[in-house]
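A, B, C and D are the chain letters, set down in written order, and residue numbers restart from 1 in every chain.
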Amino acid sequence: MSGSTFGELFRVTNFGESHGPAIGCVIDGCPPGMALNEADIQGDLDRRRPGTSRHVTQRNEADTVEILSGVYEGLTTGTPICLLIRNTDQRSRDYGNLLDTFRPGHADYTYWRKYGVRDPRGGGRSSARLTAPMVAAGAVARKWLREKHGTVFIGWMSALGDIDIPFESAGHIAHNPFFAPNASIVQRLEAHMDALRKAGDSCGARIEVRASGMPVGLGEPLFDKLDADIAYAMMGINAVKGVEIGAGFACVAARGSTFGDELLPDGFADNRAGGVLGGISTGQDLVVSIAIKPTSSIRTPRRSIDRDGAATTVETHGRHDPCVGIRATPIAEAMLALVVMDHALRHRAQNGDVALPLQALPAASAAG
Amino acid sequence: MSGSTFGELFRVTNFGESHGPAIGCVIDGCPPGMALNEADIQGDLDRRRPGTSRHVTQRNEADTVEILSGVYEGLTTGTPICLLIRNTDQRSRDYGNLLDTFRPGHADYTYWRKYGVRDPRGGGRSSARLTAPMVAAGAVARKWLREKHGTVFIGWMSALGDIDIPFESAGHIAHNPFFAPNASIVQRLEAHMDALRKAGDSCGARIEVRASGMPVGLGEPLFDKLDADIAYAMMGINAVKGVEIGAGFACVAARGSTFGDELLPDGFADNRAGGVLGGISTGQDLVVSIAIKPTSSIRTPRRSIDRDGAATTVETHGRHDPCVGIRATPIAEAMLALVVMDHALRHRAQNGDVALPLQALPAASAAG
Amino acid sequence: MSGSTFGELFRVTNFGESHGPAIGCVIDGCPPGMALNEADIQGDLDRRRPGTSRHVTQRNEADTVEILSGVYEGLTTGTPICLLIRNTDQRSRDYGNLLDTFRPGHADYTYWRKYGVRDPRGGGRSSARLTAPMVAAGAVARKWLREKHGTVFIGWMSALGDIDIPFESAGHIAHNPFFAPNASIVQRLEAHMDALRKAGDSCGARIEVRASGMPVGLGEPLFDKLDADIAYAMMGINAVKGVEIGAGFACVAARGSTFGDELLPDGFADNRAGGVLGGISTGQDLVVSIAIKPTSSIRTPRRSIDRDGAATTVETHGRHDPCVGIRATPIAEAMLALVVMDHALRHRAQNGDVALPLQALPAASAAG
Amino acid sequence: MSGSTFGELFRVTNFGESHGPAIGCVIDGCPPGMALNEADIQGDLDRRRPGTSRHVTQRNEADTVEILSGVYEGLTTGTPICLLIRNTDQRSRDYGNLLDTFRPGHADYTYWRKYGVRDPRGGGRSSARLTAPMVAAGAVARKWLREKHGTVFIGWMSALGDIDIPFESAGHIAHNPFFAPNASIVQRLEAHMDALRKAGDSCGARIEVRASGMPVGLGEPLFDKLDADIAYAMMGINAVKGVEIGAGFACVAARGSTFGDELLPDGFADNRAGGVLGGISTGQDLVVSIAIKPTSSIRTPRRSIDRDGAATTVETHGRHDPCVGIRATPIAEAMLALVVMDHALRHRAQNGDVALPLQALPAASAAG
């Protein structure tokens, strides 16, 4: 209720602060009997890890995950899985004086007004570091969905600041620090980031994330629509200011005579809906796009006030990502996987007995 | 869990189908002692009501609300408030043959795959008619927030199809059928809609909705961020494909040196954040924008398949809104109010004892 | 959250007051495709109905249920089922002066302190009349469980005041107004009640309720144990002061060497556990016993205070059950069915893939 | 949803197994600004700790608690509090062969049928060891309730096997290993336990637990009644088979003319209701009694079956409490505190504005 638990049936409870002794999560509701060990989780954590290129924060965290419960002799038992990640490189000294002022664009002011107290070390609870346990939990969901339904999740950067990144091939994504699906643009992205860093500035990014091999029928009508829960999950990622499903805002200027995806005997003719109709998955790819604002922690001085309301100036010299969007791709993948996982369990709870007519539709194709 | 309940502490459970005997909702958790009668609710329902201009569906529903419980001698008692709206103009005959095919862009196919059965009359549960009980519940939330905190909600259409609608004055909104905050553009909007209707086509729209007089400190960090819950609420409205908070997708191309709203002794210098930092309200206006797709039910023939998978064609001749965005403004206002209401109660549950330092900040001004 | 919704996946939201226009409930999460009409529900409602013998309240309510949603052409659609029961015999005049004082043993005082306002007509929300919608919802759960798993629910009165009622045969239960499983004792029970009524007094009762044909594996370990949720459901019934599972309080004086039910190749040797081990169903009968306190509304004068704290006396002359336990049997059955239903759905959400070893145990027999 | 989270607003998520690396919990929703450190928690943990007398299990666990998050410079911050307790004395070798058979009275059979896999080491997740994190979480709730409302919790053993333990003075409780409120009976209890241990047998117990200094108005009508949630909490404790509130089962034979607690100008005349009317606290002491079954793990051989269904015999030679009730008192206190804490927050969420009439009732006295 205080916002640290995600999901209804595959529930992930997140805890920790950026510079406390540890961060982690408890997954309750994981189906039993799935093979699981730390290596299944570490790969995704490593993709999100800081310090892997000069374009992200230089904080040096191994982000090594430890499974404290819920697994016996290599199999999930159906009981809560606690995943623990120790913080090893906190450097609290960078943040000591921040208790008296409020960094523009940060949660400092709102935490203070909400709680009366706050942990200023590295942003405390509001740090993007708290996405690490979600990536870990997402890895568990991804494994189950892949093995059970063949569902896979993939994301990429589609814009860095004002540079659009045309999609060329998913094969490129793993081979550059930006998760860019385009090899030829990488040099330009690097130059862009180097210039920003030199200027003590930051920029935004756009990330696209997809699920393919989707089961049909996931999502609850009315409020817990699949796309509504996706919007909730994505807008909850630090620094996200916009979410689109399928065609997104482009639908405003579209016409009904061409927009609604037609159905053909061999599947849907298009995927402007982004894989969801009436809040329920069609079996096509889920298509989601998010906007990430520029990092607020920059070297450039900005105007603020202190706790007495007097004018002051803030410069942030700690270790920060000059574009938080760069490491957002594995986070967005994980959050999408957690939404799909939760709805897969919810669906079979209520509709486990639904038997379709003998002549079922062909598998809907994703034409997005 | 099956998606018909909205909110955690101010919980609204919605029921009904477009052509069943009645629709309605149950509000559980309303604070006691608030004056409430049907007239407090009817006004917002009337703004959403069908049949009020030639540009919306001609279905003739009075949408008269009846309070069945939770109010005694004109005061809320703290027990569940059941609001009932009888359906009076169902015309089931329009929809009889739809059980065998799937309208493109509609939930027909997904409901069938999910449940094995479906109510085809007027879209059944997937009809936008089910937003009426939410507008009714929203009216209750709005009354409490206005009386307790001075919070008010206002929305308008900011684009109709490819026509951008510049904001002129909120005073115009109530005086045209489009909720346009601009008097001079109304004639152009009417011509646009007349042409669409003649062509048997439909278009999308963009709606902006705001809350002002916001309490500071609402929203839970990590998952139930205020903006995450807003995104969930908005994406759950029928036909919505995108949600933006504050600057939205424009943040991608922005720079950190100018994007983060500076704090000055007399308040925030700007409101690109849209009234939320770290998922918690700043006290500035909430600023939300949504994209609504073109109505899928159009006279123009479209390709589809029948339940045996064979190719067919669908034309829809019932009574439909040629732009569902036209009636979406009061719906978006209501959903935003429900989110804020829920978080107002959640906040005081945990933080009811927080006493700020004597020298509190000045009331943050909204400069958006 | 304000306590009007029961269950997690088969969720029943209850609304209404004793003397308002209507009471009812919304069931969200019912599996689709089950045949359902009002007659399936009315039978259980009739068993709970007032006015059916001289030993219960003479309030004359038909308790006719109307299905407002969630059923199409005789089948559940998976969407919310709203059940409405109009109040027809309210007689508010009996309760007018009760706003200024507090009936001993009643919720008058606590409602007033909690909410500051209260509906005094017939006990308002605290009336046992609000169990009627639960009996209706329970009928839906019972139908699904019977058809899907062969699970059936049966309850009886095992003590009326200080008269123990030995179990003879379930066949007797339907043939006397007390739900007594013993024909020869009925005359004595009637004499007991007649004497109480003459004396203007009331008495307590003990009810036993069982589920047989139970699936194995229902219930969540740790907190949502099947027996914990049963205790919650039973203690929530008006006037219940104690709950036992299986041997109940008799276990205190028992020895481990005889208490734990042994397992034999043809099933459990006994059922002291009441069908639950570690919070999870064994497949044996669920065995539950509850204690119901004497009706607090009696003609005999009792001391109380008024809202100014001054001493006063209260006599209650309205229509009341001289033993609320008499009509409690169908209520306890319904609540037990709702708990089992919810856990049946919860179980298959998480554990739908569990395949037991080829050599499964024989069906455990109930020897209780 | 899988049963590892307790509470709605003060939410405790429990994880771990008896012989895994660690057990613990995450508390979400704790009010901010409360002084908290490990010492505030350790005291209650020590009261529950194994190995403290010859009458309880000889497992040697320090049960040292570590606060991993949610506290900054000695104050709660309002963010999740993770409490970790390392397991140090696991001795898995005692339990190796238990995977193939089912101990009578244990959860072995039901876990296997539910999940298909299970962790047999020390009972795995079904071990009473998992109550330790609840005692830790309860200590946090107790501190807040004591400081905010003056509410305190106290429990004692009221029967050990067939020996009733008359209440003499709460002062005795801390000075014997049984939590007996009676000094003269301790020698008899010790002799009883010594004989049982010699016989390889076990016995049950009855525990009473009370809250005094209760706020008025806690509890939600209908389902989340305060007493219903107490019943849920208590029945969820390992080995509990019965729960009573106030007079409990004695109410069956009582008469209405004497049972309902009268109200006098200086408070309630009695407390047969146990501090709850209509599910809402009266301000009197909460009075709760629970029945705990005899330990199932005993040296005496008992009949069972193996996983192939063949007859076998089980003797349990590990380290076990010969009466699990002996250490249950601090557990029951903690669970009661968690229920009251949750409802304290829930109450002010909805009813924070309720202002009673000027002439309020005198503080209700507890006469139980």
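Keep this in mind: a contact is a pair of C-beta atoms (placed from the backbone, for glycine too) under 8 Å apart; a residue touches a chain by one contact, two chains touch by 3 or more.
Everything quoted here is computed from the prediction, not taken from an experiment.
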{"item": "Label of the chain whose CA centroid is most distant from the centroid of chain A", "value": "C"}
{"item": "Higher-contact pair (C-beta pairs counted), A-C versus A-B", "value": "A-B"}
{"item": "Rounded Å distance, chain A centre to chain C centre (Cα mean)", "value": "45"}
{"item": "CA centroid of chain A to CA centroid of chain D, Å", "value": "39"}
{"item": "Distance between the centres, which are taken as Cα means, of chain B and chain A, whole angstrom", "value": "26"}
{"item": "Chain C residues counted as touching two or more neighbouring chains", "value": "1-5, 8-9, 14, 29, 32-33, 78-79, 114-116, 125, 221, 346, 349-351, 354"}
{"item": "Partner chain D, residues of chain B touching it in the complex", "value": "9, 29-33, 78-79, 148, 221, 345-346, 348-354"}
{"item": "Parts of chain B lying in touch with chain C, wherever the complex brings them together", "value": "1-5, 8-9, 11, 13-17, 20-24, 26, 28-29, 32-33, 66, 68-70, 72, 75-82, 114-119, 121, 124-125"}
{"item": "For the chain D and chain C complex, residues of the former touching the latter", "value": "1-6, 8-9, 14, 102-107, 109-111, 113-116, 125-126, 130, 159, 161-162, 199-206, 216-217, 219-225, 227-236, 241-257, 259-265, 269, 273-274, 276-283, 291-298, 300, 302-305, 307-311, 346-347, 349-351, 354-357, 359-362"}
